[in-house]
Amino acid sequence: MTTIDARPTHTVEVGYDEFCGALAAHDLKALWSMQTQLMPEVPIPSTRPWLWRWDTIFPLARRAGEIVTIERGGDRRVLALANPGLGGLPYTSSTLWGAIQYLGPGEAAPAHRHTPSAIRFVLVGSGVYTTVNGDACDMEPGDLVLTPYWNWHDHNHHGSEPMVWFDGLDLPLVATLESIFFENHRDRVQEVLGRNLSEGLYTGVGLVDPSLPSPDEHSPLLRYRWSETEKALESLAAARGGPMVSVEYRNPVTGGPVVLTFTCEMSRIFPGARTPSIRRTGSTIYVVLHGRGRSVVDGIQLDWGPGDIFVSPSWAAVDHEADEQADVFMISDRPVLQSFRLYREETLPEAQVVDEVFSPR
Amino acid sequence: MTTIDARPTHTVEVGYDEFCGALAAHDLKALWSMQTQLMPEVPIPSTRPWLWRWDTIFPLARRAGEIVTIERGGDRRVLALANPGLGGLPYTSSTLWGAIQYLGPGEAAPAHRHTPSAIRFVLVGSGVYTTVNGDACDMEPGDLVLTPYWNWHDHNHHGSEPMVWFDGLDLPLVATLESIFFENHRDRVQEVLGRNLSEGLYTGVGLVDPSLPSPDEHSPLLRYRWSETEKALESLAAARGGPMVSVEYRNPVTGGPVVLTFTCEMSRIFPGARTPSIRRTGSTIYVVLHGRGRSVVDGIQLDWGPGDIFVSPSWAAVDHEADEQADVFMISDRPVLQSFRLYREETLPEAQVVDEVFSPR
Amino acid sequence: MTTIDARPTHTVEVGYDEFCGALAAHDLKALWSMQTQLMPEVPIPSTRPWLWRWDTIFPLARRAGEIVTIERGGDRRVLALANPGLGGLPYTSSTLWGAIQYLGPGEAAPAHRHTPSAIRFVLVGSGVYTTVNGDACDMEPGDLVLTPYWNWHDHNHHGSEPMVWFDGLDLPLVATLESIFFENHRDRVQEVLGRNLSEGLYTGVGLVDPSLPSPDEHSPLLRYRWSETEKALESLAAARGGPMVSVEYRNPVTGGPVVLTFTCEMSRIFPGARTPSIRRTGSTIYVVLHGRGRSVVDGIQLDWGPGDIFVSPSWAAVDHEADEQADVFMISDRPVLQSFRLYREETLPEAQVVDEVFSPR
Amino acid sequence: MTTIDARPTHTVEVGYDEFCGALAAHDLKALWSMQTQLMPEVPIPSTRPWLWRWDTIFPLARRAGEIVTIERGGDRRVLALANPGLGGLPYTSSTLWGAIQYLGPGEAAPAHRHTPSAIRFVLVGSGVYTTVNGDACDMEPGDLVLTPYWNWHDHNHHGSEPMVWFDGLDLPLVATLESIFFENHRDRVQEVLGRNLSEGLYTGVGLVDPSLPSPDEHSPLLRYRWSETEKALESLAAARGGPMVSVEYRNPVTGGPVVLTFTCEMSRIFPGARTPSIRRTGSTIYVVLHGRGRSVVDGIQLDWGPGDIFVSPSWAAVDHEADEQADVFMISDRPVLQSFRLYREETLPEAQVVDEVFSPR
């Protein structure tokens, strides 16, 4: 059995520059020349704190509605929020995809499925239902609708006004994992087996039909209605107080996140106080549903109002302050960080200083 | 409470080209123009099948030993295997770092720790011990030594001949997760509390001191000695037969992978038959310890011998055939894929055709 | 080191009868003489199918209210349902304790805690709250209130009419495990920190405050209000149909049972059809809240009405039929069986025959 | 829908004695009269500290070998160690069955399976193999062989001297759970597929063939050979020191106990020091393989030598002291206690006082 020979037939007698050239020629890189960039003391994210204004994205989405049709191959009328730190990739953070989807009356986004998991958070409009494996889920502003990993889904508009929602996906992560699979449904629109079926099966807190399966890939509850979310926020605010209360949307059967790769939360922020500045590993996209205020992300102040979307990178210090009562939806890759014990959290001893006020393009 | 206004003050009246320009100006991207690239039917990896020859990398590593010293800031004399598909990044696949580390007699690579987890697989030489949180682990050819997540570690050479080992890390994944933390030990070399301590605590199959903690972050057994691995391969080969047998290195207390983010395996391949062609999601780096043979990766034939290192991307069809009995070490990101139910595996009905014989630079 | 000597100094030369006597004298028993009783082909439970009538137990409970005071040492005015198959033990099945607790206006059952977990299911009355670690949980008919493992609890009656509820405990199991610990609170009645606190924290399906701890010992939601349970049953009945729908009360954070050792469920049974006959390992206690009907348990027909309580042993065939719409609460040791892979379930091909109509004493 | 009527038709007007009689007549028991026995401050086990001498049980087992044949219906020549605290039940503790099994040359104990899990720990003799689902496991003194839950098994003696081993089962627990199923194999002796097969598949610490299934019901390694156990004890003693070292036998794939309901351990006790006195919930049976010494169990001193077997109840203070180096095998229901968070452990501040020296019958 041949073993490794530590006395190879030739030797290399070159100076440092030629040596580096030889490395490059043989697809090698010297660690010592880049050690501190590769292994910084704390994370140096590529993702940049950024904000997209509703007043900018909505008119463009509406224009897209006028000039772009929805067809197989394109499949969706979606504007991705491309973080300028990511070198031209259409990603909002290194792991998360955030986008605006626009669907006009009478339109249907065709049925397909893919390994990246998606959530839809409705911003404006009504009359759309998203069918997920046969379950037609109605979508109203503030609702969260899941189209998880490998579930067939299509969006159908039977209303009279355009509808706009936020799309959140783990697409960048699944792309890094080189595991994207995609399949078109044989029909343009899948058959509807019933309306809001999953809502009918999960209607009480901690009350589960034991004869139903216990899926651990994603929540079997596919629609989280805004009125329920708001009721929970109100109750929490009464019970706990403070400048901000949050609920995390969970799989009601396992208690896990709605999809395995990212978590969804809704926070209600009350005016009058700034929340503590906290650093967390993992990135977060924020979608403002109601209210006005500002967040400071690593010293950059982001002023926001309804429909604005912004992102905070990993390990950025983040705090929030509302000018009026605000509801902010968030998605975060925290479950991934936690899976690998990479999650860290640190509350700063005092409020961070604002170095700069963000001015979006 | 201000809500989202679906009747913004201005409208956009531009043609398609200007519209695209407006998108770019506002950090937006149109999904429909890139849908099929973003969501291909099967994974289209950036990682390319590639092979680095021992006869190329060892002379360069030896030359590095002559002209590069090991100092704080550089810390390690490491040549990273940079996959040419990854746009210049020093990564072997989209999630895994593979490299060759070279340490000369009398040298010490200084003590530090970092959130990426590392394993060391010894290729040639002896006389080195790696201290991991005080436990000095001897390193002999074929040994696997762990320096997991956030464990202090340094490498110390008390022998007479240079030593070379393979470094495997999850650094690309942790970089994508923007969660790299790094810290230098206050001492250049940490204090040694004992020699091969973890080996003394885990010495029987399925026999565990119940008073020891049950860490689930990584294996508490830090050194997997080649003689034990070989014995297990021999026993498995006798019990199961076939052209290839494999053992996976595991946490002896939890049964999990040695570190949470990648798995380590050793395969013994026997001459006389080609293994089935299998596609799996996730990438794998292969390090040849003994023997000669060839692997076919998505139609590209990679011929290999002792010390050669090669990589297969996600969803590539892979099979192996030995010319003489061969031992091949592997690391793979499969645990990550499995965590998120993204792992798929498919055995091809027949052996794949060779389209091309790889010729390394 | 002394080893076992297979040549002992003396020999035994006795006939079979004397041999059996020698065994008994030395605390030994011959397996061969009892093998088939010890290891029957299918379970032969000691627990017997049995029913206690409301018309019997309520007058006795009321009489107890007149002649028995609640004091330290007795602590609770509780009548245990003692299964006649269990040799005089005050247990309803081999693993479960079922009982009726009676509390008069102005009375308080003093604060204590114990390792057995308890649930309270309210039958009649109002005006009582049970304080669990400071959280005063109001109790109304049909409500489920938890006083789990090692939580301080006391019951306080501020109403005007006597209250009666069902107590369910895992006391027989914890007794078999020889692990009962008990402690009196230093105060007769513990301090109340707030009213229905846990209800205020868990108010939406799949909506959880992520900053709260995730206890996996028992549900953090301590009160399950009947109005919510009924709403869930109605919704399920609309969605699924059939002669019976069930909800299991769950820990809303983990999806596990409300306590680790038994599960609580509520079934609504509709008149017009008999449910399939099903055998399951594990025993179940049934408490009728509303309606009339009958259940057949291993061929014995048990006729029931509001307030009646009955029990089915392990592996008994069980089916139900309502004469009018009925709501039946149940507790079962199924989680224990499942923990050890001892849970089995089998639906009989056809309805079981009634051999006998049960006539309670 | 009929609801519970709190105004029943009749009232009870009896004195306390008649009241108690009425309770008994209706299968009810008053909690207040037995509260302190049912809920003691600390466990009051029925299981008593007890010891069976090898010099007593071996001659009886040998005599059984002479006068009792092994046939269907009896199936095994087993003498159960019946704890005198358990009211005549053939159990060694409230959850564990301990027994001595005797098999003569040429005999075979017929093939069957049952839901209780069993382990065999060999005391004297050789030439027997136990076939477990086709895998013929050789048995030598000090070996542990598993015949877990619902696995077919038979014992076959091809040697020349009688063999005696200890049987440990969870039978009392499974009896309490009313879940015993039993089935005879269609053949008296099942077909042998190979010899020590499981040993050949699990031969390195933390080295697992990833293509094998990962059973979580019980360990797939069915034989733990004494030579391996002893090697592990020696290594641990060298690494850790102290008067006692222990290894727990584990499922090498999951890290769990060898069967779900009890754990098996081997301790080596060194002369010269008494171990700390520790209380633990759960009962333990101890089987002395080598050496002499004594254990104190709740103040009762049990002197032991090779082949002796003794038991400690839940929450008993236990310590050990060897006169000469001793090896003691143990089984304990600790995994059950841990499953339900009922496990507690407490080290006494100082060595317990000996109140009594146990004198076995």
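Residue numbering begins at 1 within each chain, and the chains themselves are lettered A, B, C and D in the order written.
The criterion applied here is as follows: a contact is a pair of C-beta atoms (placed from the backbone, for glycine too) under 8 Å apart; a residue touches a chain by one contact, two chains touch by 3 or more.
Bear in mind the structure is a predicted one, so any value in this text is a computation, not a measurement.
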Can you tell me which chain lies farthest from chain D, using the average of the Cα atoms as each chain's centre?
A
Averaged-CA centre spacing for the pair chain B and chain A, given as whole angstrom:
28
Averaged-CA centre spacing for the pair chain C and chain B, given as whole angstrom:
52
State, to the nearest whole Å, the distance from the C-alpha centre of chain B to the C-alpha centre of chain D.
44
Residues touching two or more other chains, restricted to chain C: which are they?
none
Using the definition of touching given at the top, classify the network of chains in this structure as line, ring, star, complete or other.
ring
Could you run through all the chain pairs that touch each other?
A-B, A-C, B-D, C-D
List of chain B residues in touch with chain A within their complex:
1-6, 8-16, 19, 22-23, 25-36, 38-47, 50, 52, 54-60, 62-64, 67-68, 70, 73-84, 90, 94-95, 99, 114-116, 123-125, 141, 149, 161-162, 164, 171-183, 217, 260-261, 281-283, 289-292, 305-307, 313-315, 324-327, 333, 336-337, 339-342, 344, 360-361
Chain A residues within the chain C interface of the complex
197, 200-211, 214, 219, 221, 224, 228-229, 231-232, 235-236, 238-240, 245-255, 258, 263, 265
